[in-house]
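By written order: A, B and C. Residues from 1 in each chain.
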């Protein structure tokens, strides 16, 4: 029939492809996540009108709070759906734990990026937030959302095994997501109003990258114990 | 030492003595708005230290459990978390009371106090997770995995909090332990020693309760090779 | 080319309640065997342990190829399994399900090859329909394909004939027969029609 190729990169790719194919067909996670974010931003926009009266750090915090809770609404789907539809064991038979984790992490990362692509422009418009350092802001959003995915994917796997409902997910992921959240807020505010924005935010970006460099291997290490019965 | 009645009595006497000393022997501190209330630091700091020690223990036993799958390690991780929660509550309470006296408000976004509160959130999440899983080995496995994810995250948090809090709340006054008078340091570490003894005692007691519960749960007609109870335990 | 599976004192407890205890057995390819026992006796649990989906509480399951012990990764490549509670992706088509299994296992196959496979179980006309639209018999046939696409030496079947009509049973029988000429087939069942697939390897239940 064909030859076997070694290594789990192709496994991760296959899982990623399969998850996105399913997602585009059912749109469950995307729907939950985007709907939550848009609703929150619009509600905040109404409540805080006129937004010019709101301080920059409050807006920055609000943006990331919305992104975090939207993530909570959707990032555990990728594991919960496997348990709910009883396809998890099929996946275990076919793919190694590392392949599953990396594939799902990639899925969650792209999901976060899609969420940001919709939410951030909407937020900037409704909140009348002007960005002084566009390059920095883009970098912060990119790294911060990726870091959020890195922080929460393994936790989502834990929640899916503990209970099929994702209700636990917020409680468990908040402490783990807090470090990237805090520095993202700080760097976002810098990119909006500070003069030497890049210099102010360098430390934050370093923390984000360092955080991902630590949490991804840590997650990989423990994932096998979460995923395999 | 903490097993015997004598040991416990001694610990009790020691803690009582140190507490009394903290009020009668220790002079009121200079440079504080309410010098008398500064005595709180003798009780607050040991609690804070112990909650972090407990967190370290929780992570260590979780790691050990995943390697060995020994249920005893899971029991130890859980016991450490319970004690960690207890001391985190005590640390927050004593810290708040002090802050109320010193600065007039119970909460000041001090980085240290904030990290203890987040640590409480981690403990709470840990217990919620354990409560959600029925099966023993699954519960142990999943909570150990979570503990090992929360640990590096908390390390990051403790590292970055001072920077973030300072820049977001520039009017914050940091409570520093630097430059404490000798008398305070002596009293503080004496109290710590006593509290550590209490910690160890409660830890072992909790483990013993867990083992007895496990024995009760076991079916009566199963062949019972005696479970090894903690060696040297008398009561 | 000898494949062996060894069960060494396998036991499984759920919260101290024993489901399996002291199961030891050995099979050497080629051949087919059954695992029999009434409902609730732990057949599915044992099969899952053999498949590597569950870790036993005691003992171990060892796969040997030419005397050499298999790693977890090679074990995954060596096993195909069909069970009622292991589902396919209902929102994906038959072809997409097959394609995923093949790609994830690193098989270099083209759609043409997969379509030919579907042909063999009379699913070719429904290749581009989602599994959600399939009948139980069709689902079972597709599951068999996903379990065999990588030509595993070991095939594990959990109650394969349940909910199948005569034609379906015939297909299962054929597959078991063919697989048993080269590899190992283990069938967990309490269906009298399936008892003659092979010698009972393990009898469960009191």
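Here, a contact is a pair of C-beta atoms (placed from the backbone, for glycine too) under 8 Å apart; a residue touches a chain by one contact, two chains touch by 3 or more.
This structure is a prediction, so every number in the text was calculated from the model and none was measured.
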item: Selected interface, B-C versus A-C, where C-beta contact pairs are more numerous; value: A-C
item: Per-chain CA centroid nearest to the all-protein CA mean; value: A
item: Of all other chains, the one whose Cα centre sits farthest from chain C; value: B
item: Between chain B and chain A, distance of the C-alpha-averaged centres to the nearest whole Å; value: 32
item: Chain centre separation in whole Å, for chain C relative to chain A (CA means); value: 36
item: Between chain B and chain C, centroid-to-centroid distance (C-alpha), Å; value: 49
item: Sites on chain B at which at least two other chains make contact; value: none
item: In chain C, residues with contacts to at least two other chains; value: none
item: Junction residues of chain A - those touching two or more other chains; value: 229
item: Touch list for chain B against partner chain C, complex; value: 134-137, 214, 217-219
item: For the chain C and chain A complex, residues of the former touching the latter; value: 48, 51-55, 72-73, 76-77, 79-81, 83, 85-92, 96, 100-109, 113, 146, 149-151
item: Of chain A, residues touching chain B in the complex; value: 57, 151, 154-155, 158, 161-163, 168, 171-172, 174-179, 182-183, 186, 203, 207, 210-211, 214-215, 218-219, 221-223, 225-226, 229
item: Chain B contact footprint on chain C (complex, rising order); value: 14-17, 57
item: Chain A contact footprint on chain B (complex, rising order); value: 66, 118, 121-122, 124-125, 128-129, 132-133, 138, 141-142, 144-146, 148-150, 152-154, 156-157, 159-161, 163-164, 167-168
